[in-house]
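Each of the next two complexes has chain A plus one other chain: chain B in the first, chain C in the second.
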Partner chain A sequence: MRETLRTRMGWLHGWAGFVVGLLAVCIFMTGTLSVFDTEITRWMQPENQVPAYTPLTDTALDAASSLIHEQQVRGVSVFLTLPSARSPTLDVLHYDGRQFVGTLLDPRTGMPIPVRATMGGTFFFSFHYTLLEGTTGTRIVNIAGVILLVAIGSGIVIHIRALVPDIVRLRLSAARLRGWLDAHLLVSVLFLPFTIMIIYTGVLVNAGLILPAIPLANLFVHEKPPTTPASGTKAAPGVPPPLPPLAPLLATARHSLQGRDAGFILFSPDRLSVYASDASGPFLTRDHADFRLPDGRLLGMTTTPGRIAHIMQVMHGLHYARFATPGLRWLYFVSGLCATAMIGSGLVLFLMKRRSRSGHRIGFRVAESLTISTLTGLPVSALAFLWCNRMLPTSMAGRNRMEIGCFLGAWILCAGHASLCTSGRRMNMAWRPQLRLIALLGGGLPVLDALTGSRAVYSLPAIHAAIDGTGLLVAIIVLYIRRRLKGDGE
Partner chain B sequence: MIFPATFLLWLMTFSCHVRLHPHRYGFATLAPHGQCMALVGRIAAPAVALVLAARMGGVTGVLMWFSSLSIAGLCIALWLASRRH
Partner chain C sequence: MTTDRTEDRTRLTRNRIAGIVIACLVSYPVACFVMMDIAGMSGGNATVQLGQIIALAGLPVLIVLCFSAYAGLLSVCAAGCVAIIVGLLVS
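Our next item is the complex of A and B:
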């Protein structure tokens, strides 16, 4: 057969797509959940029932100041997150090496809100970009993003002739392979702008990790050994002075930040910096107003000028979508789900095309069990994570680590089940029980929520209805897919 | 209200597109006048949707325009598939 560009691209698309696709499904699925990370955290902390848009009082700011000073005296480096439309509490946080932890204060009274320890929605966010492997994980995610862009480019070349005419073509009644191919092409083409935007901006956000920007001149300069400060030059750590009242500083900062709301405050021994909120616009900046301590005199504004800086800010803004209204956030969520479906359907197609020729090979069986444990195992473990949050005792020590353990444990069990059930000829043996489990866990989410957090359901109906409703919808869709998988197809 | 409007305009665009490819999607061929109308609809409706979406601001508008394209396309495809099924 004469090799043409399309057949070569077909090979590249298939193999690059499959190898990276397994990882990409995890990245996309957790990224999609991260769109509502704050809301998931609120669902996972039903004790926090502060309604949105609760006005912030001076009393609460004073209470936060006292708490921050207390922590600083104890040598803990804390920062203050101000209330926003999505998270109405005043949070005094610090980094414990894995996540940001601290005290949530009521924005009306300044009283601490006793909430359960949980990884919350930030778990999905950190999984999305680190794969729980720190900087190495972020590098892997970035490289996967680049390969995924290559796979998308080759896919466009393969399908270029029918790209526009077949844009809404879906033949579910045709042969099974044809149906899957149509479904793959449908979501791929319709959600192509979103997919390219989200992968490109995602790669760019952490591009420095795989392509460090070293000025050429520095390549020819010998690295100097780090200089250690002479003994006695470092100021002795003393007791930090009490903070000035924060309310007037926030008003000044808002004026200096051209009317943008303040998002968080960082503290250093001699100054405090009020940063613009990420929700204030599509340009995700780190503009801040600095105030001298202890008197609170305005030192000035720090902004990042320049065209390249602005482009990077908009790239960050597009990827993180922190400026997005709830409606736009849902559009991100739906687009993320469809992008995940695109990759998932691609994985299934890859296996279906090779089943008759290579179904008996051990490599095929490994690939199949990996696909099943990714496509159904990950939703099972994400739902198990939510169930675990509500089932564990609230006062249990190390419960946030138990949540991660539950997530990973469920995933390992699914992977084990998939590898046991997978044989070259009987793919549905592994799919169907795992789909049933997703339906059970997703459909049971509203019941679990009503039984274990009924007061929160009444006080924050929108958040709970959205998360419980999504669980229910997932259950319905999964049951429909399971019904369509009747018999041992293929 | 802008999203429903852009969504409806994209539904109209895809409907015109489907009627311009009758054999592909299993429809009867349109008369020349109908084809001309469908062509105008396919070009004008997304342009109007873009103008509407741009009223929400540059970045948000473009995101809204593309999202409504994707979701409207998906709805039309599902409707066509169920019709054929």
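Our next item is the complex of A and C:
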């Protein structure tokens, strides 16, 4: 057998793409949902019906100050998130080891809004970059990103001569393999710049985890654990003084931050820091104005100057897209979906090409069941997560943990079903019921929303129409794919 | 004939797996050396970030280059040697 550059790159593209593709589909799909994480959280908390652009009043800021002081007296380390176009409430939050939780205040009156406990859209965000495994998960995601870039590089080498013709060629009525290949090439080539940008900037966000800035020799030297001070040496924290009025401080901070809106406020015993909003521009900075406590005197500004720091801020900003307008956000969402479709179609192609030769092997069946449980199991579990949010009683204790349980449970059931079907070599028997389930859950989302949160649908029609409409659209696409599978008769 | 083809394919797969393992083992230290060289320049944390920006952009390219052909592997090794020498000279 003659080995050429093309065959060698084809092997690398196929195997690197498949091995990391299963993980990449999960990362891309949840990342795409994270583009609208705040909106998903609002959908999942229908009790919060504060309209966008509600003006923030001094009364609300004073109420937030009092609440923060109460929490500080109890020893809880809280911070304040200020209203924005996407999230109009005033949030007094703290980290409970799993997520940010706290009280949502009405920006007009400062009254607490009684909302249900939920993981919200931030669940998809944290799944996207940690796989729910903390730093280890983030490291795995980063390595997967680099391997995906390798797969893309080898794919470019294979198709470099036909990049332009690939854009205009889609033969869905041709043979199944040809049709899938055309679809794979079409989305790959069209969204290649976006895909490379989003993977590269994503890896850069936590670059230190795979390229630590320490000499290689020191990588294998164990760091000494930090010595904990002997008990009793730490001075007991005193009662924190009341906070100064926040409204004048925000006005001063806005002036100091060159007109940028404030995003959130962090509190420490002797100072408070007002941070620039992430939505104020494509540079994702942590510029902040510091004020002394308790008198509220401006201490100064903390910025990150320099061209390289700005490049890094743009890289972060491009990945997080927090500056994006709704239109650009939808473009990110569609591009993310197409990148997911690129990887998904690649997985299907990999299996189709090897079915005739290796279809009887146990390894092939495991690969196929993993592919099915990723491509259809993950959407099922994401939709089950949304359904669970609305079906569980609002006052139920630990309901946010139940949501995660529902998400993982649905996924495990899908994986089990796929394994059972593929072990009997009935591949379509695995795809079709799961596709039907996606259609049922996605198509039923508007009905569920209307039945369980009709008041929120009226007060926030844009958010609810977008999420319910997306569910409906997914259902239609999935039913079309299911019909095509049935037509193939396999 | 069939046995020959199977053996041929097995050998090819084995060579390719060895190739990708070597490509990763060579490319990663080279990317690290490049990053350390750039980070070694005066400029503090900013040069570390610049090093990471360049090294992470280069890492996938290095792996593909290493895997593509023997000449690619040699050129990446040569680049690694240059990076080590530059690092020693700078330090």
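By definition in this document, the second predicted complex is superposed on the first by the 460 of 490 C-alpha atoms of A that agree within 3 Å, B and C clash if a C-alpha of one lies under 4 Å from a C-alpha of the other, contacts with A are read in each partner's own complex, and residues count from 1 in each chain.
Methods note: a contact is a pair of C-beta atoms (placed from the backbone, for glycine too) under 8 Å apart; a residue touches a chain by one contact, two chains touch by 3 or more.
What you see is a predicted model; the values in this text were computed from it and never measured.
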Chain B versus chain C as contact partner of A:G327, first or second or both or neither: first
Touching partner for A:P282 - first (chain B), second (chain C), both, neither: first
Contacts of A:G306 with chain B and chain C, given as first, second, both or neither: second
First, second, both or neither for A:P165, with chain B first and chain C second: first
Touching partner for A:L318 - first (chain B), second (chain C), both, neither: first
Which of chain B and chain C A:A251 touches, first, second, both or neither: neither
Partner chain in contact with A:F194 - chain B first, chain C second, else both or neither: first
Contacts of A:S335 with chain B and chain C, given as first, second, both or neither: first
Chain B and chain C footprints on chain A, overlapping residues: none
Contact footprint of chain B on chain A as seen in their complex: 165-173, 186-187, 190-191, 193-194, 282, 314, 317-318, 323-325, 327-328, 331, 334-335, 338
Chain B residues within the chain A interface of the complex: 3, 14, 17-18, 21, 24-25, 57-60, 63-64, 66-67, 69-71, 73-74, 76-78, 80-81, 84-85
Sites on chain C touched by chain A in the complex: 5, 8-9, 12, 16, 19-20, 29, 31-33, 35-36, 39, 43, 46-53, 55-57, 59-61, 63-64, 67-69
List of chain A residues in touch with chain C within their complex: 1, 3, 5, 8-9, 11-12, 16, 146, 149-150, 152-154, 157, 200, 203-204, 207-208, 210-211, 213, 215-216, 306, 308-309, 311-312, 315
